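To keep things simple, chains are lettered A, B, C and D as they appear, and every chain counts its residues starting from 1.
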């Protein structure tokens, strides 16, 4: 394994410390709970929005903490949901009279930690609601009993509820908006290489030189099938077919299209995929109203990409277009 | 080789097409010359700023075209300076009565193409000036006759002259600013893995499982030495020592610190490096006034990172802080 | 009596904890086969803390002691394992609370409570390819061995054998819970990481048992 | 006479162009050893276009024909090779312009002009480990062979041998120009990509020469 690393156990803490040092005016870091929070949260005027999830998906979610998005994130270690205590402590610290919204990607460990924390917080009299994101079409709900996974599409849920919270929406309204966005969001990814967790020190799975994993999860979990590498145009067709037929999206729809890099794929390739996908959708009468090209939810250093489609309406589009200020930026 | 690719020959055109489709209102794409230009350029009120360079360094430079940065970029193929004609044609199209500033990273091919294009354009009566960027301390000016290379630090030159041009500065003033920023900018990188050019189909060089290349160039050229992988803290020390002693930077300096990913390294590791570097500099009395963490100038899918330091003064800091609107964004 | 019971419980917890710490890499690799590879790391970080805090847990009563362990686990272990193992220790603690001595029957009762807690939390059924598929057969064997009579070291040896064979048998199951479930049919052919961890724990415990206070007593 | 000269020049250019296209991978790999690997791709894209446009270049005069080639190269080849090869063809074209027939002495004059152009552009000296270290010995041999008298096919065979040995000899040099120069002492031990390309070009030309219009004439 070759990584910028001192000690696998310090990987997450050192990364979070770097994040905090880079944003001294806007973020506060509480090492005991891997907690990164907005310096101006909780606010009596604003519902607090909290994400947990495992680490290894950066910029998700710690680098999405800021005005117009998350109030706080308390990630677990790499690919591990945070311990219950991290979440509970975070909720207590972020408790606003307007309430706390928990955003959870739909995985067993995350569900359990957040549900336990919610129970404990409610018992403390805190007004908490939990919202599950499950945008990944790779996993068929009917076949597997844990349900769909939450992947890169969670960005749109975060962005929409974040914008609404910033504008003063109440907790019920945020739940409505989040559920609505999640319901029209579909994602699917493909891995070209495996990722290497720092503590494991070797690739999480084996992919031969000409193999890809279609429908890979953001923790390197397997997806729909192991396939042979194909031209980019064919891969885009495969992913888009799965997304479009799932919701389904149809001619006349206006969508947001995200081409998300999984960590090891350069942005040049993501733009190449975008061009192909944009034209394929146009050919089906689907208009890309907003585009998102870059890394939003990664799987450490995995080479690969995911596509996400969101069906837009005026409300969603306005929320996505609202300004936000998070650590990820060019300037 | 596993990449998102249809055909190596179409790699750059397809990427540029994607970029253009993603920014239909702000960018214009001229396929014959790999030209990406601001839709509102040339402007009679503003000096045009043009970058060339090879492809494979994205987001540099095509994704830095926009308000407050570049007026246009006309990249060559992967790691190849653009043909003279691309540059000449671009200058003609971008010719503004206020003049055209050419930004060139200091490499033989780039120098020649831009110098020839400048000669041709001047003969046409266009007011052109050329500015060379050479921030890479890995290459000793005295030892090698082609001089230092231009690497990730070119971002700061682009950003500063872009902001000044937007504010109406004239060509002479931009040359002054650009030279000034270049003179206080120092970079050095380290590769953990080699990159794979699409047309080559295999890694550009061999690095053993425990080897790194210190001072690597952004085209995979070798650097100062082949070394063994070391803890992140040690690598940061090595890079910072080279930068700090070169200018030199000294106690009391206020700097911009960039941690630039070379393409295959996840942002989590870049933040880890940032935290270490920030603290090391602080211990030397050097204050990080602005930070830049992410991918700015890559080498395809190479895992690795570079550090850049810029000594700030009020003028430079104001120019860096000025707003800009380029394709690279989260929203 | 109580102090000795607490001492035995402490002995068992220390053995489990050292097993988790020593097998970090192995357990992680097992989870990597069809899961996400974090199981070893998660367990090791939690039980490392248990070993660190162990002198601070109350020893006057095995229940209080186990509750301390459960708290450390909940605060330190992430992923699915945190809630699962935390709940398991907490439920066992609740049963043990206030009991003077702990017999094999008490152990059965405690572990059955753990199973119920794990199922309430994680909604897994037997056969879903989780650690339950090793834990339940282990408890069954404990119950049988205790009924058969015999020394504690014989009982624990039988448990180790039963846990190992049940854990290995998970290979033929398809994962229906946890990250491994996304592999679908591909999860067949390799054993469940959590189940194997229990087998390794039981085997190490059997090996160390002669040194336990319960035996020397 | 002029038409035949232009035909010969076209024959040579086509041979060079096919060599560049056919050896894209090899030339790229050579450049990858200590450079950035784009040399083969750059050359192939440019000469592919030369082959495509070749019927459109004026054939009434070898100079105009070569100027057409130079223009295509400048418009298509990027990297260092575009300006270097474009300048080389352009300078040769300038010398050839208006000449009725092209003798071996004309060829020497044209190629010396190319060398001067390349040096004006790229500022490389002999020994800097560039294609000049193969090109200049090749011209020297051409001049000697022409002075010795003999058939054109003998001359070109001697050039091929001289170019190859000069190209191989660049292995012992340290690169002082182009991307390879950043390797410093590490560039010693492998030959320069541009120099080897010239050797391959000369060898292929020697092989194909019997079919050239200059011979059948």
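We take it that contacts are C-beta pairs under 8 Å (C-beta built on N, C-alpha and C of every residue); 3 or more make two chains touch, one makes a residue touch a chain.
Not measured: the values here are computed from a predicted model.
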Inset, instruction - Could you name all chains that are in contact with subunit B and with subunit C at the same time? - result: A
Inset, instruction - Supply the minimal count of touching-chain steps required to go from subunit C to subunit D. - result: 3
Inset, instruction - Name the chain whose C-alpha centroid is farthest from the C-alpha centroid of subunit A. - result: D
Legend entry - Averaged-CA centre spacing for the pair subunit C and subunit A, given as whole angstrom: 33
Inset, instruction - With chain centres taken as the means of their Cα atoms, state the distance from subunit A to subunit D in Å. - result: 55
Legend entry - Where subunit A and subunit B are represented by their mean Cα positions, the distance between them in whole Å: 29
Inset, instruction - Work through the pairs of chains, note which ones touch, and then classify the graph as line, ring, star, complete or other. - result: line
Inset, instruction - Pull out all the chain pairs that touch, please. - result: A-B, A-C, B-D
Inset, instruction - Under the touch definition given earlier, write down the residues of subunit B that touch subunit A in their complex. - result: 2-7, 11, 14-22, 55-56, 58-59, 63, 159, 192-193, 209-210, 212, 229, 231-233, 235, 263-276, 278-279, 288, 291-296, 298, 300-301, 303, 305, 320-321, 323-324, 326-331
Legend entry - In the complex, subunit B residues that touch subunit D: 8-9, 54, 76-86, 107-109, 112-113, 116, 138-139, 143-146, 149, 197, 199-200, 204-205, 217, 219-223
Inset, instruction - Enumerate the contact residues on subunit C facing subunit A in the complex. - result: 24-25, 28-29, 32, 34-38, 40-42, 45, 74-84, 86, 121-122, 128, 176-184, 186
